Amino acid sequence: MSARRSWRKLVNAVMFFITGLCAAAAVFILLFILGYLVYFGGRSLNWSFLTELPKPVGESGGGMANAIVGTGKLLLLAALIGVPIGLLGGIYTAEFSGRIAAWLVRYTADLLSGVPSIVIGIFAYTLVVIPMRHFSILAGGIALGIMVIPATIRSTDQFLRSVPSTLREGALALGVSYWRAVATVVLPAALRGVITGSILALARVAGETAPLLFTAFSNRYWSPGWSQPTASLPVMIYTYAISPYDDWRRQAWAAALILLLLMLAINITVRYLLSSGKRMHS
Amino acid sequence: MSSKLMWVFISAVFAQVASAQILINGAGATFPYPIYSKWFDEYHRQHPNVQINYQSIGSGGGIRQLEAGTVDFGASDMPASDEQLTKFKRKILHFPTVLGAVVPVYNIPNLAGELNFTSKALAGIMLGTITKWNHPEITRANAGVKLPASEIIVVHRSDGSGTTFVWTDFLSKVSPEWKTRVGAGTSVNWPVGLGGKGNEGVAGIIKQTPGSIGYVELIYAIQNKIAYGRVQNPAGHFVKADLGTVSAAARDQRMSSDFRVSITNAPADGAYPISSFTWLLVPAEIRNPAKAKAIKEFLIWMLGPGQKMTESLSYAPLPREVAAQVAKQIARIR
Amino acid sequence: MTTSSITIGKLGTSKRLHIFINRCKNGDWLAHRITSLFAYTLLLLTALLVIELYRHSGPSIRSFGWSFFITRTWDPIAGQFGALPFIYGTLITSAIALLVAIPLGVGAAVFLAELAPREISDTLTFVIELLAAVPSVIYGLVGIFVLVPGMRDTVQPALKAVLGFLPLFRGPNYGVGLLSAGIVLAIMVLPFIISLSREALLAVPREQREGALAIGATRWEATWQVVMPGARLGIMGSILLALARALGETMAVTMVIGNNPKISASLLAPGYSIAAVIANEFTEATADLHLSALVELGLVLFLLTAIINGLGQLLIFATSGRGTKQE
């Protein structure tokens, strides 16, 4: 009896250890990547990197200022396109639509969110680049915007539905029309989650490379307006990483560091806000 | 300082095109990318209102994007075939710009000296029939060099490449087996090997991978300090690629009126057998008059100060007669 | 609706306009219509996506038909395009990824959901979910400069020495190849498996766990024999979702797979995946047939991921009843 018990306790301890190792491995990977980028990227990160344009091939120096701005413009466009559609679409499914319509929209959102980003790139190419006969920020922004929509719809939908019905009913009991109840009571209550959902969706597309390869293309210079190709951080990282030039590779590390820090900063902030919000409400 | 940076960013984000700013987009070959990027950079410095954005996506990409009309000019190391020219909705002019060389680059750690490659050796390696570095075909041409018994890792292009065309064109001329099994083109059915994107990608892989061999334009080997070998020319001599030998390949070659020629395996004495012109593909009719003017002015500049800059990057300038012919073609752009 | 559409139809134009304006003043109707407009934009975009994919792959579908999926040659010069090498590469790398990530991921999920104390579990979950935020191109970057040399210099020679008799581990040691791509993919899908499996485990009702503990089971026994079977569907769903992600990964894969459209038995050999070939060849497919073949590959990828994603969502929904958490 006692031997069997000790055996079971041993198995318990061993499995605790093994599964703990698995979790530790996952954490270790993240820390490793971060550490590597900080070490290699940090060394190449300097003022000129942030403010200068790329130099001709083979010459050392230069920077990625145009890529940083390019990514900013692309995200702006993606937000302008993706967030309104996502927000209002989410409001529709959560508040106004019938059962079948809601199911249809949710199903389509899940479908679109699973589409590989390269396929979205093909779509944006046929939709925007071919008629415009131009690679452009617009095409890239549209591709990224399309990727933002499903996640935003889902998070808006979820957070609106998680608002307690008592709030809704309370507003209606006061004689307010339904849309006004949604706009002034339900939405503000879910606002924290809705905004964080949108920001997370935007953060995810900030790192996307594949859809930009044949929409926004790339540019060695500043890209004025919205109808010219533009450099972007992810595409520059890719281009420089596969090149043989040591200087370019260093710059790829630096750009990767910037991108990763950006993603982590947004994700950490947003998740912290979300979880503190949950604690407040429960 | 930070407010200055803010100002830079804000103005960059909202900068609208000043009416005098001319933006020209080009794409294509990675073969001449180092000299093109230097040219466009220098030209922009001398003419700040003209911005020529060139993306090296491979010759295939250049031709394709020019066809689709998404770029104003293309660049290719393989002249467009007649069939391809019919696909263009407008007339395309070929402008040779420089001469370059495609060299066999390799990465063998601790190897002293340069390797000689016979055409049989190169064909065999690329076909996958020669798999080890100490194969007799290679050792025979390299007396006194200790070659390891390790596997040869072949690296080729994964994208549509004019450099590939030059390389496979040479192989097709010297190896009947290559010609029938694979053929020449920008994108072939490689029997073996890894694919790298652009000359940069191939050079990058070679640099990282011991025991590898591939082909890149000369300047990529030089700039990245990658070893490259000598190639046997039709006369039987092992020739190293440099300005003199590349220029020799173009000597005595008859230049066709539309500039579409292949100069691989040139019979001239001391000529490097894997040399090639590279071309800018420009539409004969450019709708935007400002762009047309800018492109013409750039081409004229290219023939003048531009040609003087080629040697520093180990590209050979155009032979004088060819340059004169090219100058005449510039006038055909409207 | 107070007025039936038939009645409206019988009215004159100005009267209909009047009714329309009245409706507009009705905030609810307006809000309904406006929000539905935006929601249907999503449907329109998705439908358009499928239509465009189908339209542009038309030439390829017509030329090759079903043989597209069993042809091994990818020869742009000869105009012969076969999808088999890419399907093979995609499936093999995803299989390797799952083989590595499932034990690690489910193990970690079990630890986080069941065995670890609460504070540690919360912190670690937070950190691991951050892994999902790392962009693909950064995985590729670290893959090229860390994983590939490691594979080439250490891991693969060891594998060849020990298991070289298997056709799986024969051939030259490139460093890049199917195995390296599979491992990068494993790291990329790991956070998804962990996160979703953990939720599936947590969704199992407390009473079941407590019941097992009450009759003297150790924590591990309770987990292994009671909780995990209960979370089985959810865990399978997480695996399917991870698979769908792995199938569609582009950048990290193309940076370490070797980009060679050949089918070989060895995992050490270079290969090619559907997403990688589209990324590499799309901008330069000069022949219309070439471009069309690439778009057809995109269509195949779309259908594949849509089906697997759908199945995964279904399984997750069956367990937690909530659908996947959109983080």
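First chain written, first letter: the chains are A, B and C, and each begins at residue 1.
In this text, a contact is a pair of C-beta atoms (placed from the backbone, for glycine too) under 8 Å apart; a residue touches a chain by one contact, two chains touch by 3 or more.
What you see is a predicted model, and the numbers here were worked out from it, not measured in a lab.
Enquirer: Determine, using the mean of C-alpha atoms as each chain's centre, which chain is farthest from subunit C.
Expert: Max centre-to-centre separation from subunit C belongs to B.
Enquirer: Count the touching C-beta pairs: is B-C or A-C ahead?
Expert: Here the pair linked by more C-beta pairs in contact is A-C.
Enquirer: Rounded to a whole Å, what is the gap between the Cα centroids of subunit B and subunit C?
Expert: So the centre of subunit B lies 38 Å away from the centre of subunit C.
Enquirer: Roughly how many whole angstrom separate the Cα centroids of subunit A and subunit C?
Expert: Computed value for the inter-centroid distance: 16 Å.
Enquirer: What residues in subunit B touch two or more of the other chains?
Expert: 27, 196-197, in rising order.
Enquirer: Could you pull out the residues of subunit A that touch at least 2 other chains?
Expert: Each of 242 in subunit A touches at least two other chains.
Enquirer: Tell me, which residues of subunit C touch at least two other chains?
Expert: Touching at least two other chains: 144, 283.
Enquirer: Can you name the residues of subunit A that touch subunit C in the complex?
Expert: 8-9, 11-12, 15-16, 18-23, 25-27, 29-30, 33, 36-37, 84-85, 87-89, 91-93, 95-97, 101, 104-106, 108-123, 125-127, 146, 149-151, 153-155, 158, 177-180, 182-183, 197, 200, 203-204, 206-210, 213-214, 234, 237-238, 241-242, 249, 252-253, 256, 259-260, 263-264, 266-268, 271
Enquirer: So in the complex, which bits of subunit C are touching subunit A?
Expert: It comes out as residues 27-28, 30-32, 34-39, 41-43, 45-46, 48-49, 52-53, 56, 103-105, 107-108, 110-112, 115-116, 124, 126-131, 133-142, 144-146, 187, 190-191, 194, 218-221, 224, 244, 247-251, 255, 275, 278-279, 282-283, 294-295, 298, 301-302, 305-306, 309-310, 313, 323-324, 326-327.
Enquirer: List the residues on subunit A that touch subunit B in their complex, please.
Expert: The touching residues are 50-51, 55-59, 65-66, 69, 72-73, 129-130, 133-135, 217-222, 224-225, 228-229, 239, 242-246.
Enquirer: Tell me, which parts of subunit C touch subunit B in their complex?
Expert: 73-78, 144, 148-149, 152, 172-176, 254, 258-260, 262, 270, 272, 280-281, 283-286
Enquirer: In their shared complex, at which residues does subunit B touch subunit A?
Expert: So the residues of subunit B touching subunit A come out as 5, 8-9, 12-13, 15-17, 21, 23, 25, 27, 33-34, 37-38, 40-41, 44, 51, 53-55, 68-71, 196-198, 200-201, 203-204, 206-207, 219-220, 223-224, 226, 313.
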